[in-house]
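Two complexes, one shared chain (chain A), two partners (chain B, chain C).
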Partner chain A sequence: MKQLYFLVFVLVLSSFNVFGQGISDQSRINGSFQIDGQFYRPDDAIGITDSVIAGRKVGLNGFGNITYTLGSFTAGLRYEAYLSPISGFDPAQEGNGFPFMYVAYNSELISVTAGNFYEQFGNGLILRSYEEWTLGYDNALSGIKVVYRPYKGISLKGIYGSQRYYWEKFERNSRGIVRGLDAEIDLNETVNSLSGSNLRVIVGASAVSKYQRDGDPLYHLPENVGAFAGRINLGAGKFNFMTEYAHKINDPSAMNNFIYKNGHAMLSSLSYSQKGLGVVLQLKRVDNMSFKSDRGVSGNVLDIGFVPPINRTHSYSLTARYPYATQPNGEMGFQLQVNYKIPKGSLLGGKYGTGIAVNFSQVNDIERNPANDTTPVYKSGTMGYKSDFIKVSDHVFFRDFNIELDKKLSNSWKAVFQYMNQYFDIETLQGKTNYEPIKAHIALADVTWRMSSMRSLRMELQGMWTQQDKGNWTAAMVEFAISPRWFFAIADQYNFGNEKISLGNEKIIKPNHYYTGSFGYTREATRLAFTFGRQAEGVICVGGVCRQVPASSGLSISLTTNF
Partner chain B sequence: MKKIVVFLFLAAIGMSGFAQQSDIPSVTIKTIKGQNFNTSDISNDGKPIILSFWALWCKPCQKELDAFNEHYETWQQETGVKIYAVSIDDSRSTSRVLPLVNGKGWEFEILMDVNGDFKRAMNVNMIPHTFLIDGNGKIVSQHTSYFDGAELELYEKVKKIAGIK
Partner chain C sequence: MRRFLQLSVVLFALSWISSCDKIEPPYIQSGGGTGDNLTRKVLLEDYTGQRCVNCPAAAKVAHDIQELYGPKVVLMGIHTGFFALPGPPVFMLDLRTEAGEAWDNHFGISTAGHPKGIINRTSKGGVYFLSPGEWSTATAAIIDDKADIKINLLTDYDENSRQLNISVSSTFLRTLGGAYTVQVCLVEDSLVGTQFNNDATIGPAVIENYVHRHVLRGTVNGIWGESLTDESGAVVGTIVDKTYEMNLNADWKAQHVSVVAWVQRASNLELLQVEEVHILP
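And now, the complex of A and B:
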């Protein structure tokens, strides 16, 4: 068989040469490569003993990607190896192979992909397949995807396939099958009389269904679960309005304790912006909306839909220490953000102007009432509960008020200042028991001194004050960079004021320093970085999905490149 | 499955078109107004293009774009360079992108790569990741990470491909 492929390959190549068209003129090969390694050492002071390491002294995650393009055709492969996965990744990641390969044809009228692919309908409420390397998250679909554009402004998509579940091969009835359709119309493009209109209108609708066999001995479960969503995007001058509503039929699962209630989700935003000023208000309601292609699993796997958290994603270590994660079983939240640039030359703006960003968000639980007089809320095999669409529970999951100033002080000094006030229900959001909700004040300064045109020194100083969880933290960092290639940094996070805090069943903890030293070299798209020191226990979140990272100590290496 | 893929891979090679390849792949993403945008339409009348991947949660990305913005008027006058800033924010934060862009007064073309399709097609593993593309769509240089001053080195390269000393 292999010889046959080779023969075809040679024939194809030679046929091109006959016509004097070397395929090298039209084809392109590119790709990328990354390897993240960690070497662990015992560190008793932060609780890492030989038994915690358990012989796995090295963790290595790596991938290589290659894409071949020739005219309208594309083919790609991705190899991954987690031998063994670095700490904090799911042990089920351990393994190696080609989890992602595809071929695709792409024209203005139609695109077809066969193999593995990613896709999102609208905001992703009922379908989003994507990957996030830093989290080890990948719910790629394996199947067929077709995108058809029959007329200007109209786009129709159809997909079907099974989802990636680490390295477990899809077999008959091993997990669900996902099918979906999506249509989107940009009215200003499709309807000629609207082409010059100041009102921009884009509407879309989608339907997704999953099939999973009912093998349950106790309940009669729906084998086909349908979900439907509609969306509209309106723009008029400086205003923009977007809303999407999704409905899912009853889908008893391990995530909702096998109740038969329908689910829904709503996401809306209204924004106003002009040069120097932007305002956005977002609202969200989620009710029983976990949608996975295996009703038996929980955790960050096999998600078909994606309900985004809408609070600000923070960028500094302490402001990002307690990140919010969507509660698919139910939540109601809002967010308001204002960005303003105080003009140059004004009293507060100074010589260079000052940027201000203010952000407030809060998320509460939804109200749940018994479905009838005799059934407790969330009882398996029942309708579960009733919930009024506009009623909010008193139970606050999360609150975040933050204000940020961005100021250029002179040609060589720049600074960012931020204050944040946070409320975080750690029992709900991180599944811990006997913990008080965290109330924290956080303040930080990030100052850059440009020593010369290519040399800069950046200093970060952060403080977090709280009586709960692990108590107070300070963090300091100094980074020296020779742009664009070299950087050297030293940092320390100090956890203190925790001597009197009793953590659930855990022992009382001692103050601790988490120091690191790092350096890196970047040339073009090749970056090599080393970090040596201690990593505090925490949560890493990217794009709304979070991963718990245990404390670790040792050396980390990261190498990335592309071609 | 693997055999089929390999076969189709070869078939793809066999049935190719004859168009000249630019280094910018054709991927459908969105404009900041929510309209579909094919990335092969990224162009600048034969003048240089800077293509920078960023996100709301990425501080160095915003520092880099702030630095570009500070010089953008001068750069455009001198070389005609055009800057595309591709946000890889997903639906959790897409509606905050336009207010931030306007709040910061950025004048770039903003594109929205909400599910990372363009990012993957361009082999972007980490952000900020900035490409310099010449008038024929060829990638002249690229760089990941940003430190103060990197914009000066980049602009030297822009001037070189624009034919200005």
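And now, the complex of A and C:
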């Protein structure tokens, strides 16, 4: 059936080109393609045996996006193929087809989308549908979306649909149906007398409800679960303040062990910004806020709501080795980020100035107390627990202090230095029972030598020192780039100092090198890259949502293009 | 403009008041099936492991379902993959079986991650396994189905010689096309060992004396069973008898051992009927 839709889509586009020169002039097609392939090989030293590969010597993830625009009309589709999925992606993704197709009409007054779409209300606490290719995550809605703008500064949104669940077609009672409304008013636009005000005010409110039939013989389950949120954004001069509060009624599910407590979440942010200085303070409290369109599933699927992370997203391999995964069942945290540029010409700033970024974040569990004298905390089929809104548990999930210096040394040299001190509760965040929390020091230097206007050499050296999990790591990388087309890189991660570390009941892992060699070629909007070598086991997180990456060895190829 | 806003607010409120179900206690239902012989029983295969932190909670879900439906639900704990690896001195038990590993590989359990369950080997879009939160609903969806096959399962166990005789008699209650197989397994209950856990209502993070329930110990007639009919199927009233003789493993406690037998469709492995009998009364 989908192939038929696609055929109709192509024919419609073709007909515009054949019969309507005028239409053709006004129309536009955009698109992007990506193919990621991996060829696996046995590598006994890092535990990759023939039985691990299990005959699947090649993995391939690929997609193609096409968007057609004609005036107010837009249509688009995405083809995806996971044949078979690259190692670390969910095997349920195996398959290919067109999971995303839509048609939309957009005017100043109204936008209507029929088919598949993404949407977010506020910060996403009660609704965020999005796609993240690197995680293999996609909770796109399939249904109808309407955005109505009746007056300047006022936006009303309504959505109605079901969510994508890998390749499983939505059928009656197969999973929930999601309905939502959102209203946002930019008072400075709506109220004429405020248009010139220094105080900028945006307020919003949203409500989302899911319907899923109660076919469970064990519990009396709510078939309609509602969630509500209100938000305000205030801006005054160099200050900005944002807060959002969300409430969800009883939503017993596999994620919360089928307890009937209401859920709450609050996210606040205060920021100050001026030339050379930026300060951001963020606070968050989440309590029983997993919100999925199928109460029976767990894992990263069918999420209606989204809990944003308030931790720095690290980009270097060792600082990103233990990334924080948000805990929708409960967490309480804060982050403070200060960016300061020491002016050029000063003693510390030197000729070009020096950038300093200091970041601290910590996330704890929330405190939970028994709902009554006879019921243990989290007992299924009960209220679960009571939690005081302002009380923090002593249980620390995650702490990250990092400081970064960004220094241009001369016209041809620049460097980034970073130190990070991390605490990571691997038992909670990665489910590794009986593992001690990781306490790690990480330091790195990233130096770039611009040899000419076309050629540059970038060198990274990183070290991680820890007594826990797999012990110490060091990483080095040299990358030579001939802009704008070529790059060549060699890198190695070396896991050492772990001979004396007992990993519970695991075998002791021996020091290992995880070396890679890569090169890439870019021409216009097309990029082709090859990497050969080993991939260390780890975790990738984007926006607090994480995917386990198993160790692998072999050749990977990536081809991307946009038009 | 004002009228529009007022209307919007009213519509907004009405739609949400009508779409929230606040549930009042008691939250837990009671009463299960009738135990009627002529309805289809349900086999819940719980793929588990002693190193799997989420598995005790899953085992509790399976237990709750069996509590609700009684003997209409047959449980089998199948220890497989990385999470079932033994590791002295803590993990002394090796509860893996050749059949369990083969089924795990066939159904993609370890690739998807434990715990996972399979209900009567029914599949959706080629995927057999379900997360524990889906087990009860999936069980309820089929437990009142009419049975197409009746199994008469008898055992005769000699405590002195430890010889076990098993008789499986399968009666077709209606005419069925296609090939069918019969699978016979041995299950041992209440094995005590260490178990990782993350459900505080069940116990600490490391439970030293965890009781593993309904553990698959092996199959009697091969990993995928043996043929009951060929592709032509069987007409209503057809009875196919199978008998087996074996000696019970000396390490197994006979008072905890039961025989589980089922008939499945050869083409898609879906179970049509399952029975369990303890070898000692």
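As a convention for this text, the second predicted complex is superposed on the first by the 542 of 563 C-alpha atoms of A that agree within 3 Å, B and C clash if a C-alpha of one lies under 4 Å from a C-alpha of the other, contacts with A are read in each partner's own complex, and residues count from 1 in each chain.
In this section, contacts are C-beta pairs under 8 Å (C-beta built on N, C-alpha and C of every residue); 3 or more make two chains touch, one makes a residue touch a chain.
Remember, it's a predicted structure, so these values are computed and weren't measured experimentally.
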{"item": "Chain C versus chain B on the shared chain A, clash or fit after superposition", "value": "fit"}
{"item": "Partner chain in contact with A:T382 - chain B first, chain C second, else both or neither", "value": "second"}
{"item": "Partner chain in contact with A:G299 - chain B first, chain C second, else both or neither", "value": "second"}
{"item": "Chain A: partner with more touched residues, chain B or chain C", "value": "B"}
{"item": "Touched partner set for A:I53, first chain B, second chain C, both or neither", "value": "neither"}
{"item": "Partner chain in contact with A:E223 - chain B first, chain C second, else both or neither", "value": "second"}
{"item": "Chain A as apex of chain B and chain C, Cα-centre angle in degrees (nearest 10)", "value": "150"}
{"item": "Contacts of A:L194 with chain B and chain C, given as first, second, both or neither", "value": "neither"}
{"item": "Minimum distance between Cα atoms of chain B and chain C in the superposition (Å)", "value": "19"}
{"item": "Contact residues common to both interfaces of chain A (with chain B and with chain C)", "value": "none"}
{"item": "Residue numbers on chain A that touch chain B, as the complex places them", "value": "1, 5, 8-9, 12-13, 15, 21, 23, 25-28, 30-32, 34, 65, 67-75, 98, 101-103, 105-106, 111, 114-115, 118-120, 122-124, 128, 130-131, 133, 147, 155, 184, 186, 189, 200, 202, 233, 235, 240, 242, 267, 269, 271-280, 282, 306, 308-310, 312-316, 337-341, 355, 357, 416, 446, 448, 450, 452-456, 481-484, 487, 520, 522, 524-525, 527, 542-544, 560, 562-563"}
{"item": "Chain A residues within the chain C interface of the complex", "value": "54, 90-92, 150-151, 156, 167-169, 174, 179, 181, 183, 207, 209, 211, 215-226, 228, 249-250, 252-255, 257-258, 260, 294-299, 376-382, 427, 431, 433-434, 504-506"}
{"item": "Chain B - residues contacting chain A, complex", "value": "2-21, 23, 25-26, 28, 33-36, 56-59, 90-96, 98-105, 114-117, 120-121, 123-126, 129, 141-150, 152-154"}
{"item": "Touching residues (chain side chain C, partner chain A) in the complex", "value": "1, 4, 8, 12, 15-16, 19-23, 26-29, 32, 51, 53-54, 57, 64-65, 68-69, 87-88, 90-91, 105, 108, 111-113, 124-125, 127, 130-137, 139-141, 196-201, 205-206"}
